[in-house]
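I've put the structures underneath this note.
Same chain, two partners: chain A is paired with chain B first, then with chain C.
What follows is the complex of A and B.
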């Protein structure tokens, strides 16, 4: 903070000096024949920042299972400040969770400055000290990132260097400990990664249509073994190799990762090694996009603390190979990656029918079809704790998740746009949410999204959604109407109605009203209503959100 | 390329992996007989569990049995049933028994327990955390047991079969200087309650006759304790407290015991703990 105060003080002096100079120039009625040279203001660099505050007032609502919140009001907030001057950069983030919003990890309780860093970039070399985020390849063995919606911040606190020894070769390495709320985790993490961009290294290939990249990373974590019962590995290493190739409109990439014995709370302290393999292919041209992906994960949960659980202190990042839906009911049953083992495939095709064609009409029509399926591994338990289990390589076990969906979007007139989504979902709630006893949910979901421009700045948008299922909480219907007066105001009302619940007292309308005001970078939004219990996921990582009833307030701003 | 070579060599230094080839368990020493005249430092494990928690038999109950074998009487366990895995329906054929109590719910809420099984070890931070997964319990217990005992706690229970009234007399002797905000907390626990329990490892996950151990039945003192003194107790100070508690119908006296511990209301840490059967 001290540095920031010094910088702010310098800036204030500079602004005052500039103001005095302008004032002097304007007020001087007779300019002298010989003028002083213009005042050269020193370059103090730039400070930028962004602020966010979310608060909620909670009311007890036993009907929807909204728990009593003793504080009644909970809030999360932060201010980011970044300073840059030439090759130097520094920053910090003040965070305040008084107390954390429902559903957020309780470890965040409190306020402080858990994130601060400084660094510089000198030609092909960069050094960062303090907190930083980093990722090796797709993140299979390592990704330090922040996801505010999930309450995840597993940034590293230590030292990092990045280096480009020759054109096309990129190296990075670090030694650090991981952030654990307002403290640091017990493990020390060491990592190194290298990327080769073949077309950059060999100038002859610079303009080739065939482009190659290769890379590999290694991560090792150290955590002392103080366990009086088990002999635990104190240094656990994992490596990953990756390759990518692109020929004109076709891309193909893959990654393989391996982790040595890593007994942990996640794998119930077995000493089995972990592996992961993923393959992605794609084709994209004007009006057509095709992508396919396959992956297999076996015992690949990797954390800097072997005893950690939930989203704490994760090193490996294993995104779901499934489509991430944004509408209310399609996102009702999101898939969460199962790091202990899964086998998944996904394919998607997007085609735009040209304007003027039979299906395209006057403005064109886009259709996207997507299929994803995830199974558990076909495993056999072994009594030896060193092995834990054996798994067949490409033999699917229990079905965890299946999603077949099609989305059609069309601009009908210059004022009217519409979108329709159909989705068939198979969701193994027992496995995905870890709450056995619910069984498999089969759901059929329809969504109609229509927006109509009433005037130049006024748009009304509606969503009508329906989910038919006989399992879990039964069928739901949902609706939304949103009125926007661009660019400053919006108001919306949405209702999710659990009309199919087998218990009549639980056939509840979850109605929420929201309004917002926007001006430049400032956004203030408030709302009131009932929020159903559920889970939200980003990239296959999920958190539970308990039901709530009350007011919400959100403020964001940046400069 | 010289620089590259240096960096690559540096990278190889990261190749730090410990492959466990031999046995995975430490060699345990025989605990032998415990000398009751010597004041031992004891650790309190408050396990958060529930009868619908299918991971709890393996990660909770079996882990505690393993810890009991290792630490013997130095470990005092209280199993706290609360939260979504402890819900029950009196009219259902399974899981119709209420293991929860106002005390267990208050503890569950205060410590923000979010999964089962989890636990607090002497309500002391371990690796920066208060609520720990079962994999971290042994390490945290070992750390607590390395401390010198700050108090000696003696419990005397007098149980009246006729009216089921229990009188608990607790004597706390300070072996180190105490603090004015030290509390005495006394709980009643019952062992060997046979009822339903879920176990995900089984084909039929619902076990009708699971033996529930160390179940928290209620607080004899207020949930978070009763002040021991208005001033900081000096070394050698002896404080005596007496409480009465009536056992509810259905509690089996010969399976019940009293757990008493000194906890600092400022830091929340449990400094010393003792346990004694009521019969």
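What follows is the complex of A and C.
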């Protein structure tokens, strides 16, 4: 009851605050000095926030395999409120999933205030109680984060302290339990991390061309062993060490992570330790950027609940070391890290041909080429369940994924811009989506993206895309046309056509029309059409988003 | 009943404070690293009394890259005329973080880059989706913000930058 009371009070404050702000601006637009008497009113702090609402009306469509939705309308929404006053801060988030949109974890069903916090921040010291997000190093052993649009929120609920004893040394530690939808997971998580920025510590080195950073973190989770048969470790520890060095234009960084044996649903309850190694190198000078990376992961899934699956209660964050594609057809077959074991390499080069050069033309031309390859580990099964398997260190096993792509973008005239992408993909659907029997998908994809400025604020943009493949659902063609009137309106129509499907009745046009209104931070968009079945992969896990047919509405705002 | 009265009084006082502060909204204090690995506190961002643009983006975000490409072409002129500084805050997570500096260099962008890999600054600024642009006046206070990008938005942004550079108020 008390909880609700506080929430309602908080909400009403914010709503009235927004109204007041609007009326203040409207009533006295040209009298800033009357509107703004900072010396006469005491400062009671500030409230800000943001809001998002997504709803969809679902129609039955057996042809595209859109499941029947008994509720007909599903929606996700949230409102964040943050309060700050000098060194004090507090906030909360109201979330509502009535019921969650298709493709989101059904555990979200319901509404409430699963996120609330307060804290105090001084120059060298900060304390937070309640919900918080945190990450150690690159997140290999620990990352608590949110991706609202992907239905991920594994925040911690507990107590966190950050401390900076001297400039350049950063310490943090916490004890907490992890959020699981509208409740908390069964485990208790403890963690500590230290980061040294050498050039900040020694003022002599402040402007040195050579820069060093290093650090390390430790995580321990406790979960009681209630298993009638197995003796499971109740406390599982993991640590990660990292180091980085930069000399002028060249950077080199690496991270090593180790986890003691952690039998879990992910590794089929073997008592094997986990390891992860990653190395990144980069070169950056104006007009040219190169990055290369290598990564090895072995039994590194880490959650605060050993029985959890999907995207639930993850501690380790193991993103795919591959390019993140966002065009419709290139994002058709996304890769997801295999936490139980993989070996991967990636390289990317971006080069801009200067304005006035032969290739650069009048406005310059940019080329990005990217290559990524991921294999399974070369493993041998061992009968002893304590070990599970052995894996060779640098010997690639089965190919999981390969992506070769090149993107050229060019401004041709002051009004005309064009981009072209080619991509060749090898996708082990059995492994990545965990659906044995499909085999390997080989795909060749072309995308042409052209935009033309008709008038100062009116632009028309088109995308033409094609994916050639003999496997899976066969070839696809896609097109998009978008018309924008800055800064307030947009309208778009897109079509994805599965013309290569071997079943002729499945050679379907997935047509969607969308329109939207924008004003400062307010965005209202509506759409209607058929959406194909898709895959969303995040942090090493893929989720299926079923096909749908119907209306969508989306509202976002921040203040 | 007294409890409600106290709450009402508290709400009102918060409101007055808020309405007052709304006009001079400061940037929240978050420690971020730049691409050289140096820690920068976002509350301490300054530009010698000239306007500042804070733009949230990511390497994988097409509209963000389009916006920053477009502005990069005219950035030298903007700087010459108004002294504006652009801080492009990359929200790329560990997947793409190591690629940010080479990406920015390869595009020949001239912006200051800050890294926000776990979204701490993004959350503190109440950003829903990217791109999201904030305009700060010479005192480092937020005077305007805008979500999403459509070609032509940069012209409007620059009109506002010029106003702020002259010390005029933004009324929208």
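The rule is short, and it goes like this: the second predicted complex is superposed on the first by the 515 of 559 C-alpha atoms of A that agree within 3 Å, B and C clash if a C-alpha of one lies under 4 Å from a C-alpha of the other, contacts with A are read in each partner's own complex, and residues count from 1 in each chain.
One rule holds for everything that comes next: contacts are C-beta pairs under 8 Å (C-beta built on N, C-alpha and C of every residue); 3 or more make two chains touch, one makes a residue touch a chain.
Given the structure is predicted, the values throughout are model-derived calculations rather than measurements.
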Clash or fit (per the criteria above) of chain B with chain C on chain A: fit
Chain A-centred angle between chain C and chain B, computed on Cα centres after superposition, in steps of 10 °: 150
Which of chain B and chain C A:166 touches, first, second, both or neither: first
Which of chain B and chain C A:391 touches, first, second, both or neither: neither
Chain B versus chain C as contact partner of A:233, first or second or both or neither: first
Which of chain B and chain C A:257 touches, first, second, both or neither: neither
Partner, of chain C and chain B, that touches more residues belonging to chain A: C
Partner chain(s) touched by A:222 [first = chain B, second = chain C, both, neither]: first
Contacts of A:336 with chain B and chain C, given as first, second, both or neither: neither
Touching partner for A:366 - first (chain B), second (chain C), both, neither: second
Distance in angstrom between the closest Cα atoms of chain C and chain B, superposition on A: 20
Partner chain A, residues of chain B touching it in the complex: 1, 3-4, 7, 10-11, 14-20, 22-26, 28, 52, 54, 58-59, 66-67, 70, 109, 112, 114-115, 118, 127-129, 132-136, 138-139, 141-143, 198, 200, 205
Chain A to chain B touching residues, read off their complex: 70, 105-107, 109, 163, 165-166, 169, 171, 173, 180-181, 183-186, 190-192, 194, 218-220, 222, 226-237, 260-261, 263-265, 268-269, 271, 305-310, 385-386, 436-437
Complex contacts: residues of chain A adjacent to chain C: 9, 12-13, 16-17, 20-21, 24-25, 29-30, 32, 35-38, 41-52, 80, 82, 84-85, 121, 133-135, 138-140, 143, 145-146, 148-149, 168, 170, 197, 199-200, 211, 213, 244, 246, 249, 251, 253, 280, 282-291, 293, 317, 319-321, 324-327, 348-352, 363-364, 366, 368, 409, 411, 451, 453, 456-459, 484-487, 490, 518, 520-523, 556-559
For the chain C and chain A complex, residues of the former touching the latter: 7, 11, 13-25, 28-29, 31, 35-39, 59-62, 69, 73, 93-99, 101-108, 117-120, 123-124, 126-129, 132, 144-148, 150-153, 155-156, 169, 171-172
